[in-house]
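Letters are used for the chains, namely A, B, C and D, taken in the order the chains are written, and counting of residues starts over at 1 for each.
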Amino acid sequence: MAGAEAITEGSTADYIPELAHVPKDLIALTVQATSGKAISVANIPEHPATTLQSVSKLIPLIGLLEEFGADRVFSWVNVEPSGSDFASIARLAQFGPRPSNPMLNAGAITLCSHIPGEAEDKFRWLDKWVAHLFNKKLSINSTVLASEKRTGDNNRAIAYLLQSTGSLNASVKETLDLYLTLCSYEAKPQDLIHLPFLLANGGVNVDGERILSDDTVKCTLAIMGTCGLYNESGSHMVKTGMPAKSGVSGYILAVVPGKAGIVVLSPRVTKKGTSVRGEWILEQLSQQLGWHFALQ
Amino acid sequence: MAGAEAITEGSTADYIPELAHVPKDLIALTVQATSGKAISVANIPEHPATTLQSVSKLIPLIGLLEEFGADRVFSWVNVEPSGSDFASIARLAQFGPRPSNPMLNAGAITLCSHIPGEAEDKFRWLDKWVAHLFNKKLSINSTVLASEKRTGDNNRAIAYLLQSTGSLNASVKETLDLYLTLCSYEAKPQDLIHLPFLLANGGVNVDGERILSDDTVKCTLAIMGTCGLYNESGSHMVKTGMPAKSGVSGYILAVVPGKAGIVVLSPRVTKKGTSVRGEWILEQLSQQLGWHFALQ
Amino acid sequence: MAGAEAITEGSTADYIPELAHVPKDLIALTVQATSGKAISVANIPEHPATTLQSVSKLIPLIGLLEEFGADRVFSWVNVEPSGSDFASIARLAQFGPRPSNPMLNAGAITLCSHIPGEAEDKFRWLDKWVAHLFNKKLSINSTVLASEKRTGDNNRAIAYLLQSTGSLNASVKETLDLYLTLCSYEAKPQDLIHLPFLLANGGVNVDGERILSDDTVKCTLAIMGTCGLYNESGSHMVKTGMPAKSGVSGYILAVVPGKAGIVVLSPRVTKKGTSVRGEWILEQLSQQLGWHFALQ
Amino acid sequence: MAGAEAITEGSTADYIPELAHVPKDLIALTVQATSGKAISVANIPEHPATTLQSVSKLIPLIGLLEEFGADRVFSWVNVEPSGSDFASIARLAQFGPRPSNPMLNAGAITLCSHIPGEAEDKFRWLDKWVAHLFNKKLSINSTVLASEKRTGDNNRAIAYLLQSTGSLNASVKETLDLYLTLCSYEAKPQDLIHLPFLLANGGVNVDGERILSDDTVKCTLAIMGTCGLYNESGSHMVKTGMPAKSGVSGYILAVVPGKAGIVVLSPRVTKKGTSVRGEWILEQLSQQLGWHFALQ
């Protein structure tokens, strides 16, 4: 971690003011090989729980894939890398109406509108899938949620544009409430390791139980591998070879298929929203452990 | 193959008239597992050699990576998926001057301008790398080359735009001569299997000799996995999980890291330049043999 | 009018369902030379009042220019023709944050957010300027207003995008209420002639009273001449030479500086929202009366 | 002129190195009212002749309009303001194949490909129209022409893109030779006044002879009024109300229909290629003489 601590580039995202309250220099890492137990380390042992932000986009994607299948889900949203930033409305306006992929805000918002059930049931659906994927309950950080709601105009613009072309399956208000709630789940890295472990282990948990179908694992990792870091996905794959999903809070969930799940958290992020030290750590793991997918 | 033959969508690309002379319904496949020998099948046994087209973009990428290293090469061209089609000049004009990735025409043209040597030496460099990567000499189809030169105005526009921003390291004429020559190498699938096999086998050939460095294999597969099929790369990875490179002649080179190299050729292509039957065959192989990278 | 009646291209805009209730074949024309009285003709004498739609964008532009001056107003919105359609959000996202011009939805929405006063006062401000510019009160068509509100998601997307970049001076809700109300003023052509007459007569009414400043007249006509018909402004000026403002209901207000004001109404519009027969009539007037500005 | 001399913003365009040799602080003005003789003033009386640059785009436009008529010419190029800069290839790639308007490089290059005749005849055609429009012969600055040819890669990119979509009526080489020659005609302001005078006087010269048709004058002034200064056309019309054409050498030709032709030359230009002091002078003339078209 000394290497990572030497990196002082990047800063916490300022458009969600609450994120500035996380210790900027935190580095926390949890790794679980498919053959073993989770190991966690952190340079600030008593660090607070941190919101998942865009890492949460995996939740509706996986839940809907399991419940509706890939054909239905990919009739709502495309799966192509976009070459644009996570919140790009120009891309949606020019190439839409269907969002380019489920990792962009437009795609994740669209998927939230397809969460089944009425009113509160939809929030229960989120809780259910959070519990299923992380094997524990996560709580909502209501201060961050309030902060998101106060500053979410770009997402509102995206949602109304989607609604204007008939791409939403629920009202803008209901859809954004779900989307912003989703971003506000909070956890520590060790609380999140179950999902990347599952994806690395073909959808099967440590007890040998199938938790996710083969198909869902394939779709999810392919999407993480091509669009998980928006317009840094290509250089991320060159350096690490690990399908991953980043969040602007500094989380990265990464998967080494067949070998390991990884969660890293470090709040200094690039302008594109990727943890600077987190990427450095993934690159080191990839190189030193031969975990680049190209060398499997 | 019966399944593939039932597909009658797609047609041969019409902007290179010579391509129309390949038998449209041809399906030819070569597969080589890392543990075994190459196996080839075709529905038209005596089919002619076919030009590589964009599959050749791998040649300067790999040759330059080996000779100059990733840092130098990626200072000339980015490695991000672009969300645009292979010949997009709008993308280059809007997001340039550096091309988005080496699989787009703009990126491959830029790389051709960095091929070392003077005049004819550069063409010898191509022959050298062709021989190294495919373990045999390939010849140039001079009729296709003439056809490319006659119809290459979009590529000329790209090259002059690159030159206007100082992105080329050689003259437009010299650079395009190399680029169009590159596209005109011709072969049968069995002639091409050596490269995807090498990439699947970590850069080492059947005799255990290292032919490509680890680093080159990692960069190349990451780029194939995120940008190898342009704006069909995402859905290709969802369906097959195989890093691959397509060519408008109907070739697809695909790699199952650690397991197998694949070459498939079938000339009916989508509007985005991907072999329709070729993709179907890769999808079948992925599903039936468990070759999706997510399930390694 | 026989010539105009022979034209059967175009149809009423379908995204505001209420507009379909206007008689599609109506042609109504009012002309007032600076030297004379207004003359009105119509092929359906008892036609209903019709909403102004985008023609109303002139109201906040002129009112704000008069009250705040050009420097202030053009710090809120640019005055460049955009080459994009009236509702383009891609343009705003790519070239913003400041809207390209006050005739685009984004520009008019921005101007509505700068209407002075609190709450109901702002609506009174609109009524005041309507009365000033048209020399009579106009009423709101509440059915059209309801229709606009129900279908206004693209405008909501624009407004939230503007708010996300700090370009609005009032809440999205308040701003859109004003904007949609503005579009719903209704009138017959003879009710609207006062404004184009004023602009043709240098801001002075028939009684010789100055109603608008020189500066406002200059700014308004320059904007109408370059952006009044969005991405049909260039061909409109080639054919007619008359600065003008179109509305999707089929209205065009046109000005022949120094010579005449014109209001024409005919509901068949192009995909870009311009009255087909209305343009034809303006072209005839321009040619037969020598009213092209180039020949003044 | 004291006011104009106080302005020190802007500089000579650096992409045509020869332009840097013109005295940067020169201000030269020629005005000819339709009722009188031309009057010329300059702060550096013995200043050298300066190349016309984009002002020359008027020559093929007017010549072709006279010889082929508006319908033919506007089937080759649109007449819409583009909201983009003069050399935008992104716009052409996205909205083409037909160029947006004849004042953009893409539009002027397209028109050059339609100049009639074989080989040298086409250059004679240019000389003929130069003599007709300016009532004198102009010579070519061969140093500037060489400079243009050496640095014209962006224009080559545009021309090849046009050729790739079948928009050119002659070879790229021949077309660009004509286009770059066109830009290299040189003159002093008093040598150029005949054309704006003609356009101000409805196509008729001082002796009452008709030199240009009504139709050509209308089309030309409408295009100058909407696209003559690219994406500064709107603010130019707000400030001056004068249809005009700018060139990167610092020339602006402006027309007050019915009243006067104006040529101003001052080499400091904005990033968009408009003479800074030239615009200031036009604005003063417009205000002090009531020459804004809105107040005719």
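Note that contacts are C-beta pairs under 8 Å (C-beta built on N, C-alpha and C of every residue); 3 or more make two chains touch, one makes a residue touch a chain.
Owing to the predicted nature of the structure, the values given are computational and were not obtained by experimental measurement.
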I'd like the Å distance between the centres of chain B and chain C, where a centre is the mean of that chain's Cα atoms. 54
Averaged-CA centre spacing for the pair chain C and chain A, given as whole angstrom: 46
What's the contact topology between the chains, one of line, ring, star, complete, other? ring
Output every touching chain pair, sorted by label. A-B, A-C, B-D, C-D
Spell out the part of chain C that touches chain D in their complex, as residue ranges. 70, 74, 78-84, 91, 95, 100-101, 199, 202, 214, 217-223, 225-227, 231-235, 237-238, 241, 243, 257-258, 292-296
Residue numbers on chain C that touch chain A, as the complex places them: 88-90, 93-94, 153-154, 156-161, 163-164, 172
